[in-house]
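Have a look at these structures, which come just after this line.
Look at the two complexes coming up: chain A is in both, with chain B in one and chain C in the other.
== the complex of A and B ==
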């Protein structure tokens, strides 16, 4: 446990010790701001038909953050340590492979959530300055946070796995981007409804991240979605741990 | 600690393959507590692989390896707690500061907060890192990086230190400094170091294991190894005598295994001989020169160096034949 916490702290600190961490934070702030602007533009001169927490996830920039930032945060986790060789000294300390994997995952997820932190102020700022806004509804806000955390966990787990596969950070980032975007795009099949789909449409709508996020944003914490992301996260962390352990036998 | 009679390292029939290509084959050896053992061999002979298995980084394909009585696979954490390992490249995170890194490593290795503070201070003093303890590791010279690596390996007071090529890439001053450090470590630790440079091992180690193509071709103290190869010695003699006479004399003597005579200046001829018992032979030559009235200018015997042993045991010509 001590080693795990030490490593989480180190992982998190690592993001703040390099310029990279600040570039990521700046990038996320830019995209969040752009997302807010678009939302406001769309609602300009119109009555608010839905709360801001529900509108935001419908903008492209919101998804750009999720799909683009996750690989950039996680690409470093294992690939960098393997490239410079510190992975060897790390794995010869009395720490289990699972603790290493979980610590890297926790560190990445914590940093990911930190980059979202300023967005928490948006609903409150709007309530203060926009006329005709009701008080912030904390329920949907909380469920949206849960939704972002769930999707974030899944993407961080995929990112850790991709990073464990290679020494190259670029390859790691591209692999996790491909997997995450692939899953994201699968959801659109139920929208496009190609002729062969028939009754399978429902299957694809279950995979739709857009629909999941829509539920979370409107204040519905559907256990199906929670189980979906939790199990995918666990699966990819399991893959990561196996990848690490296999290295001993290569 | 386990029973003091338990050898600190016990390796039985250890093999490791990388995708079917053997890196080490059927190694067996033991190291007693308190020894400084040198693993010597050309690059790719299996030294690093052996060390990585002992440090718990790689798993062997076959065989058993125990550290202080604990199996490196079954009791991996117990083993890792007792081993301080420094890889050949001394990998360090460039963006961390020296003290910060050592503290981080101590915590990872399970030391309490108090122990971490104490041990970090101790190793910083011990390795002369006081002047750089607040610097970023990326800004350190190679010599200091090496010391940080050693400090890290030692921070949790391991019973066994495994140092892979600890002096590679250092300048001569730094090499001497690192050697001194290793010698002082030997007082209360068992040390295993590897090198492909002979003098390195020669000055620091009490016992040698010579690796070649994944096997140990010789393992003994330095003196014993010399004796094994070297009941034979090389004698150089400068005598003012006709060449035919010299040849006749050397051919007659039973101790001489082979010889080579060549003229040097002023009527002297140099004979270089491979002799079985050098000590007695020199006396014989002195008597011979006196009896025959030959002027004797030089009479020198050289014992085989470790270099000779090494070359003899790891003959590269043999390799070429093996491969064909």
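== the complex of A and C ==
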């Protein structure tokens, strides 16, 4: 456990003791700010009857942050270590592969969540400009945080896996971006294909990130979405661990 | 001869490693698929948003428990519409309680092919959008978007136009009614009096038509038919409800006699008076304990500026709030009527139980109707105070079953349910409650509308720039500045 915590701290320090981490955070804040400004511009002086959190996932910036930031955060987790030659040293330490994988994943996820942290203040800033109680409903805010955490976990796990596959950070980022965007686009298949009724339609609806986030953003926590992201996160962490252990005997 | 040592693992070890890897990956994939399959079959949904509170009334739960045959529900909506989410969550809750409910969602903007398929399957006109459709037993009920919410005036634009906003959501009531309609094979028959200048129940286009009300009544599982009364034509025997919608000419003695016979046989009459005439029905109404005023009611402080007036549910001093307006009173929903006649109970008419339903504010005025043909007549004030414009009368003989007792609802205005005013304020609710009370469907009266909370962001140009400055400038730049400091400190 001590080794795991030390590795998590090392991962976080890697982000916070370099300019790169701050550039990512500033970028995320800029895009979130732009997303909020666009939402406000659309809503200003017009009565609306849904919580502001429900509007956020409808802006392109929201998805841009999720799909772009995850590869940028995770691309260095394993690829950087392999490029500079510290990976072998890490593997020779008396720490299990799982502890290494989980520590890298936890560090990346914690940093990802920290980049979103200032956005927590947005709803409360907005109460200054809104008439009518309840524009900031804490229920949808909490479920949106759960949604972003679940989606972030999945993307971080994919990023860790992509980073474990290669030495090149660029290839890792591109692979991770391709997988995440691929899963994101899967949800659109039921739209662009001819109408499917029944299990196939349900399957693609089950995979649709837009639908999941729509639920989370409107204050609905569905165990199906939670299981979906938890299982995919576990799957990709398992792949990552296998990729690392593969290096021992291949 | 000794073999040379190899640098790596043996081939056998490698093969066993690959097999191990393959089996592990396959097992993990199977586990993930299984977890998702099981979670899809056995799931829970928690709604944490106040606006999605989909606790169902006990009566809806009873209705759902009685559904045995499969019912298909299609939410044919643009997902960006703000009512989409409350509709979806409410119907999902229905689905949890009634497994035979199959819910489909179709976004006609995103899924044009599926939208066309649904339109063809249920014979929907191509330009009809945003509706919820219930289908079972070869029957289809459509709940249109316009019926799902109530609108009320909330302000005025700078050029003086009144701004209307959604105030209440009628989802549960309409969905439960539609479900009851498609799963109940017994359709009751209602008739409306044709001719005599009454409003037309087939006219959906002109402002004074009753076509929209006709559609709502059909959604309530009523088979609506025209009726003509004469010496040889009584009210049909299968009539569960007779509507006399604002006759503008007087009914003849034979027609009035037919109405009298219908009421004495336990009939249910919904009487809406037109401001121009009492249609010769004042004596029949008096026999039922209802006084139809020869006047016009106004409430100067509560006008909408277009001749219509705001009214409210009224608590009768003798009988309290009537079930037909109880939900409206509880939600403080106002009503919008034209210039009605006063309608009040006639005292001393036992065993008639006559309850006032709707009244003006305490500043109401009743003007005496000018004599027919009088020009430039000065309107004289007849009465002041809270003036009743609607009454419910029940005549139950001692020991008689309440279900067989005649019921009468009288309203001093017929314009309030025309195509223009039906969806304004709580008018559609009033029509719904009145017809359900007359039909003795008191259980449906308990499902009231849910308030919709509205918000308005009001940001001035200066505040907008200030907010943009913080969000797009100061916060990101501040983070970059901290990063630069850290970087510089570590560099030196």
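Heads up, the rule we're going with is that the second predicted complex is superposed on the first by the 239 of 250 C-alpha atoms of A that agree within 3 Å, B and C clash if a C-alpha of one lies under 4 Å from a C-alpha of the other, contacts with A are read in each partner's own complex, and residues count from 1 in each chain.
Convention: a residue touches a chain if its C-beta (ideal position, glycine included) is under 8 Å from a C-beta of that chain, and two chains touch if they have at least 3 such contacts.
Quick caveat, the model's predicted, so the values are computed rather than measured.
Touch criterion met: A:6 reaches chain B, while chain C stays clear of it. Contact with chain B, but none with chain C, is seen for A:89 once the two complexes are overlaid on the shared chain.
Look at A:218: by the touch rule set out above, it reaches chain C but stays clear of chain B. Legend: residue contacts after superposition of the two complexes on their common chain; A:34 is shown touching chain C, with no touch to chain B. In the overlay built on the shared chain, the residue A:242 is in contact with chain C alone; chain B does not reach it. Number of chain A residues touched is higher for C, counting chain B against chain C.
Contacts of A:14 after superposition on the shared chain: chain B is touched, whereas chain C is not. Chain A uses residues 17-18, 249-250 to touch chain B in one structure and chain C in the other. For chain A in complex with chain B, the touching residues are 2-3, 6-7, 10, 14, 17-18, 84-96, 248-250.
Listing the residues of chain C that touch chain A in their complex gives 8-9, 13-14, 17, 21, 24-25, 28-29, 31-32, 35-36, 39-40, 43-52, 79-80, 82, 85, 89, 104, 110-111, 113-114, 117, 154, 165-166, 452-459, 463-464, 467-468, 470-472, 475-477, 479-480, 482-484, 486-487, 490. Chain B meets chain A in the complex at residues 18-19, 52, 55-59, 76-78, 80-81, 83, 85, 87, 89, 91-96, 104-105, 107-110, 152. Of all residues in chain A, only 16-19, 21-23, 25-27, 29-30, 32-34, 36-37, 40-41, 43-51, 54, 58, 118, 125-126, 129-135, 137, 139-140, 142-143, 190-191, 194-195, 197, 202, 206, 214, 218-224, 226-228, 230-232, 234-235, 238-239, 242, 246, 249-250 touch chain C in the complex they form.
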